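Notes to accompany the following structure.
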Amino acid sequence: MSAPKKVVLAYSGGLDTSIILKWLQEEKGCEVVTFTADLGQGEELEPARKKALAAGVKPENIYIDDLREEFVRDFVFPMFRANTVYEGLYLLGTSIARPLISKRQIEIAHEVDADAVCHGATGKGNDQVRFELGYYALDPDIKVIAPWREWDLNSRGKLIEYAEKHGIEIAKDKRGEAPFSVDANLLHTSSEGKVLEDPNDEAPAYVYQRTVSPEDAPDKATIIEVGFERGDAVSIDGEALSPATLLTRLNELGGSNGIGRLDLLENRFVGMKSRGVYETPGGTILLMAHRGIEQITMDKGAAHLKDELMPRYAELIYNGFWFSPEREMLQAAIDASQELVTGTVRLKLYKGNCDIIGRASPYSLYSQEHVTFEEDDVYDQADAGGFIKINALRLRLLKARDRKAGLNR
Amino acid sequence: MSAPKKVVLAYSGGLDTSIILKWLQEEKGCEVVTFTADLGQGEELEPARKKALAAGVKPENIYIDDLREEFVRDFVFPMFRANTVYEGLYLLGTSIARPLISKRQIEIAHEVDADAVCHGATGKGNDQVRFELGYYALDPDIKVIAPWREWDLNSRGKLIEYAEKHGIEIAKDKRGEAPFSVDANLLHTSSEGKVLEDPNDEAPAYVYQRTVSPEDAPDKATIIEVGFERGDAVSIDGEALSPATLLTRLNELGGSNGIGRLDLLENRFVGMKSRGVYETPGGTILLMAHRGIEQITMDKGAAHLKDELMPRYAELIYNGFWFSPEREMLQAAIDASQELVTGTVRLKLYKGNCDIIGRASPYSLYSQEHVTFEEDDVYDQADAGGFIKINALRLRLLKARDRKAGLNR
Amino acid sequence: MSAPKKVVLAYSGGLDTSIILKWLQEEKGCEVVTFTADLGQGEELEPARKKALAAGVKPENIYIDDLREEFVRDFVFPMFRANTVYEGLYLLGTSIARPLISKRQIEIAHEVDADAVCHGATGKGNDQVRFELGYYALDPDIKVIAPWREWDLNSRGKLIEYAEKHGIEIAKDKRGEAPFSVDANLLHTSSEGKVLEDPNDEAPAYVYQRTVSPEDAPDKATIIEVGFERGDAVSIDGEALSPATLLTRLNELGGSNGIGRLDLLENRFVGMKSRGVYETPGGTILLMAHRGIEQITMDKGAAHLKDELMPRYAELIYNGFWFSPEREMLQAAIDASQELVTGTVRLKLYKGNCDIIGRASPYSLYSQEHVTFEEDDVYDQADAGGFIKINALRLRLLKARDRKAGLNR
Amino acid sequence: MSAPKKVVLAYSGGLDTSIILKWLQEEKGCEVVTFTADLGQGEELEPARKKALAAGVKPENIYIDDLREEFVRDFVFPMFRANTVYEGLYLLGTSIARPLISKRQIEIAHEVDADAVCHGATGKGNDQVRFELGYYALDPDIKVIAPWREWDLNSRGKLIEYAEKHGIEIAKDKRGEAPFSVDANLLHTSSEGKVLEDPNDEAPAYVYQRTVSPEDAPDKATIIEVGFERGDAVSIDGEALSPATLLTRLNELGGSNGIGRLDLLENRFVGMKSRGVYETPGGTILLMAHRGIEQITMDKGAAHLKDELMPRYAELIYNGFWFSPEREMLQAAIDASQELVTGTVRLKLYKGNCDIIGRASPYSLYSQEHVTFEEDDVYDQADAGGFIKINALRLRLLKARDRKAGLNR
């Protein structure tokens, strides 16, 4: 790989990526383009611009984009159509944001004629994989710089030293070791590392940033109604909302009701286990609501196929294969099931609980006439006898065979 | 099918199966053997004996068995090894009890030389399928009598009339229509029908029988520690407990903390949707605890394969194929993963919430040394670069191909 | 079900469906509409018209349709995109034709305002299921008449007697028992029953009707080149051909080279095993050719996902669920993989063998540069070291855990 | 990684591994232990001993093992129980041998107290992964040396030069570039590279080494009968044979009848496509025979589950994950299905064709009584009506819903 000349850096404005910015200029001799995305992480972005300028980045090389609507519409919602959870519990809040960052970074690289991209993820985690698979899938010739795998600034002390040496502003609370590491976007906040490293120690209360504890949530339940069209949430309590606005509202509702906390010990793609604390207030509501609307609108065959495909789909997203043919194939299957996933779901939010209490749809497949305990004119119970006999045939032949062969199994 | 002569009836002692008992004697001219099982449904069984005697059943033809330990040990626990949920939410409390009843009924039939078995499930539900697939799988020549698919007592009025005519005792509250129908065992209580038939109406509070509402649960959390050996729960807070005793204790813990309620609109095997309200207090804790112990002891490859197999496994149980070669194959795979699923999980129970707060195991696969943000001697971050490059290769070749072909996808 | 008044009969003009026609008129008192489809079975269809007229069917109630192009384009080709085989070997020649017949029958029913449809499949086979699931999926209110499950003409003798009584023409060779039963269309010929009923007896040579034996095939190989566009075959040896014309040509090539014979003992949907002899000359070539073109144009992730989905997809088609949401979901996934499955495959046909000997594509993903044993500039072998180390990490942690725990597994 | 001191080399005695041997001594300063396995590759092994001695390896450091029986019994046969094929066609002849070599190499390392192992696979292929995943899974602390990824002898010229410089014997035909590269064992011979690198060029006849061409095979068919017990082949034509002896005999039968050739363009685990020519004469017969015995002894539910699991299982073996929990889980499921896979299969071998012509078993599940076209007493055709109606219910509800909603889909 020849030396990179111009690099698009995924830049948060924080200490680490500020050091990377400088390191790219100093050690790599690169022209740096910074890219700062608003994915709903809840931070001001203008300070990033100032810091980039201060670091000598040309104004035209500073990109600050509000990607919140695209994030929810084109990444979060498609994923939720599959009722996606990783390892039974995790809503993939970090995983699903990475492909969008990669995509935009490559777009900018093409716009500014950069030959390289750079991210600040470490060499032990999943994010490096997600970023880089995204980069390579969208530009096979792009050069990728992953400083954490390359440099020798592999301790807090060395980083601080480097920052001081290069006049990089260090927030007071960044001088010591952070007690845990955080990632946030409109879908979730994740925390990991340090105080969380012993998986048998309860996560301390101060780790949680986005949700009140169930104990601190209101003593009275909140009832909401989420409207869906073609598998995507479109309204709350009858009010039509854009994707990002809707998720923001659900986050408020979930967060204030103590909903969406998860303490997980998970398997990373790179082969080690790690412990994370996740807060996904709106996503937790959205998942339950989507299950509710599918319950009433989706055929059993489709629903069960979706359930079987989901773990693979979740694994692909977790591992960073959003831009892969197999993820797109699964998405095509999933999306083909959502055409009539339309209607409303009522949910009760109460101190950490999020329960479906009603569902309705113009495309309901529920037939009270069929299911009633009363007499009906639509279902002949005798049919069930034939259904059972034919389903049992192979089992009876098996047992008869065993008997004939003198087997007692 | 020639006329049955001697039939083993799954007999609860309730009105419906008492009518069936009489009907078998009168209409079928059968000698009736009653079988009443204690599966933890929480009812006295001796009244069933009295009623059977009163109906003219010979004392030696009355079987009353306590199957609680067998139920939990050989059915509930194997199912929980797979973290089994049906349609994302349902813990299969009714489904898993049916095969045991079938099995014992066939055993009794062989003991008493009966040529037929009979159950009281209707022709619209799943239970008829579960009972009968079990019967046939264990005795291919058995005759099966399903009165609800056969007789003309297809309304409450006709049933009451038949009961009165034959001197069958009718509890006062059974004269009118029950507002909903209930099934219970040590794993769960299910309610369905009547007041629950509109899936958009919230289930009334009086439907719940086994759990307090989250609102009514204590304001203070309960912390428990569940111990596991080889994938099965063996202790609570350090006290070794038999399977049924343990589940009973978890039911108390869950029930009093408002845990395990579910309002579900599900897809029946027979093709219609139905709405059920389930209370699975102990099972909900058990599922979460099992996930917790697998998090720390199970390899990623095994865990993900289990996740992918689970929906199929759940469907088999729901549909009544417990005694099928494919269920046994899946069980073999699942059980092969549980050898070292041993350790303890701490859980916090609070107003409907059941959260893992710690896990520990002598067979832990978690390596703090590998995952730490600090420097380490066990993991070479540069390896991740190669890992990503090789994983990306096919994606790069794809994109390069698209470019070469002038495709802009 | 009220009595049907006007029924669309799937009518071949053969003895059995002629008897059904009469039976519908006589016993059911129905007005009969006959529908005879040309699916490439290789029979004259005009005799069917004459027989229908002779049986008193009104001219406007006689439908004779050439469905060959639709059959191959909309049913055979989509199925082959998935490299579909049932139970490892069967190319589903009968299964894939049934949905089209059902579809057209329902269309005609709507055109002529009929309230019922009828088919001549027996009560033991798969075809009854395939026809009727198709009918019901396309018209939930249609009445379905399945004479073989209903009437008492359940022996050859009774049928002949009925035919004679009603003046139905009986071909000489139909008087005795046929030595086996045949179904044919453009994709295959199947034979089953009678002389084939002992699965340990070799199928006699006279069963085969569409292929010469490998022994009788030419001593010289035939080389052909099949062209593909978007996953479907479009040309042979450079000559563009319509779907049905192409399959016809492949049938000639395969049949004359002894290709596509299969002696199978298979599992029917209704629970019993049956033995069939299938001849699928063109389909066998098409399957191999499609594999060849996918080898060079399809990404590994897509290819492996397709392989995993295929058995389920095949089972759905075999069981008659063509018109089901889950088949459509799988089709969406499969079709999403075929966009660039374009190019040519050369095959060698010789005495029963059909071997790929070359493949080429403008969308080739094969990179000689990457795979060469020579030095290259595109692949860094050191990356593979990292790839292996990271893939091995979890396995190493497993073994280290086992050692630490004193386990010797 | 500290410098290795004593290394167990997988040593064939050929030029490449002889150079590696010397290189380990010279460049790595290691004591070398050679391990040469007889896996049925058809080469004399004693020359390897002589060459090792000549290179200065101590006699006690030379291991030559006949692993043929273990190879077939513990690796090939378990794999064939699953009817395993990779990418639809490949019988995994190379893949399945690697774990055994790894296993024995690690055993020897422990016996001789070596701290490292070494193999001669290149950095582009699958074998490096298979070897090394095996090593690490069995000894997490072992040092692995992969010279091809490390040294600079990356051309034929440099290798020859190194050999000459170190007095390594060079067979005459090894001086030039080999036209293709070969791997062989009792299951197959694979060829790849050089003359095979253009996937559109037919493989030249001289590439094939183990099978005659179909054209050159006898004009008369050979009929054989393969006996199975519990899923494994145990006899040919009634003669009981050990696993390796049996496979050897099948290889002769297959090879002389032109059976088992495959020209494949496949997807490597490392992300590139490669073209291989495989000859698996005995394995091809074994696969077909195993399918045959399963046809008659295996229940549909088990068979279809096996078909669905197989592609994943094949991928795991291909990718080198034999010693992984998920492969072992799948094996447990597969093995659980084989208990009664016992009986005989007759096959016709003729000029490349291998066809099942008969199967018989004491555990047959085939019931002529059920399948007959004649009248029977065991199957009530009316049951099929109920079976279809219940299976159709959800499809009817779907269509009724669509109609009600005014959708015309």
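Each chain gets a letter, A, B, C and D, in the order it is written, and its residues are counted from 1.
One rule holds in what follows: contacts are C-beta pairs under 8 Å (C-beta built on N, C-alpha and C of every residue); 3 or more make two chains touch, one makes a residue touch a chain.
Predicted, not measured: the structure shown is a model, and the values here were computed from it.
Novice: The A-B interface: which of B-D, C-D or A-C repeats it, judged by over half of the contact pairs being the same residue numbers?
Specialist: Interface equivalent to A-B: C-D.
Novice: If you tally the C-beta contacts, which comes out ahead, B-C or C-D?
Specialist: Between the two chain pairs, C-D has more contacting C-beta pairs.
Novice: Can you work out the whole-Å distance between the CA centroids of chain B and chain C?
Specialist: Whole-Å distance between the two chain centres: 39.
Novice: Measuring from the mean C-alpha position of chain C to the mean C-alpha position of chain D, what distance in angstrom results?
Specialist: 31
Novice: On chain A, where are the residues touching two or more other chains?
Specialist: 267, 270-272, 299-301, 304, 312, 324-325, 365, 367, 370, 379, 382, 384-385, 387, 390-394, 397-398
Novice: Spell out the residues on chain C that touch chain D in their complex, using ranges where they run on.
Specialist: Answer in residue numbers: 83, 87-89, 122-124, 128-129, 132-133, 136-141, 146, 148-149, 154-155, 181, 193-194, 197-203, 214-215, 219, 221, 261, 263-267, 270-275, 291-292, 295-296, 299-300, 303-304, 307-308, 310-312, 315, 323-325, 346, 348, 350-353, 355-360, 365-368, 370-375, 379, 381-382, 384-385, 387-388, 391-392, 395-400, 403.
Novice: Which chain B residues qualify as touching chain D in the complex?
Specialist: 267, 270-272, 298-299, 301-302, 304-306, 312, 321, 324-326, 328-330, 332-337, 390-394, 397
Novice: In their shared complex, at which residues does chain B touch chain C?
Specialist: Against chain C, chain B makes touches at 299-301, 340, 362-365, 367, 370, 379-380, 382-387, 389-391, 393-394, 397-398, 401, 405, 407.
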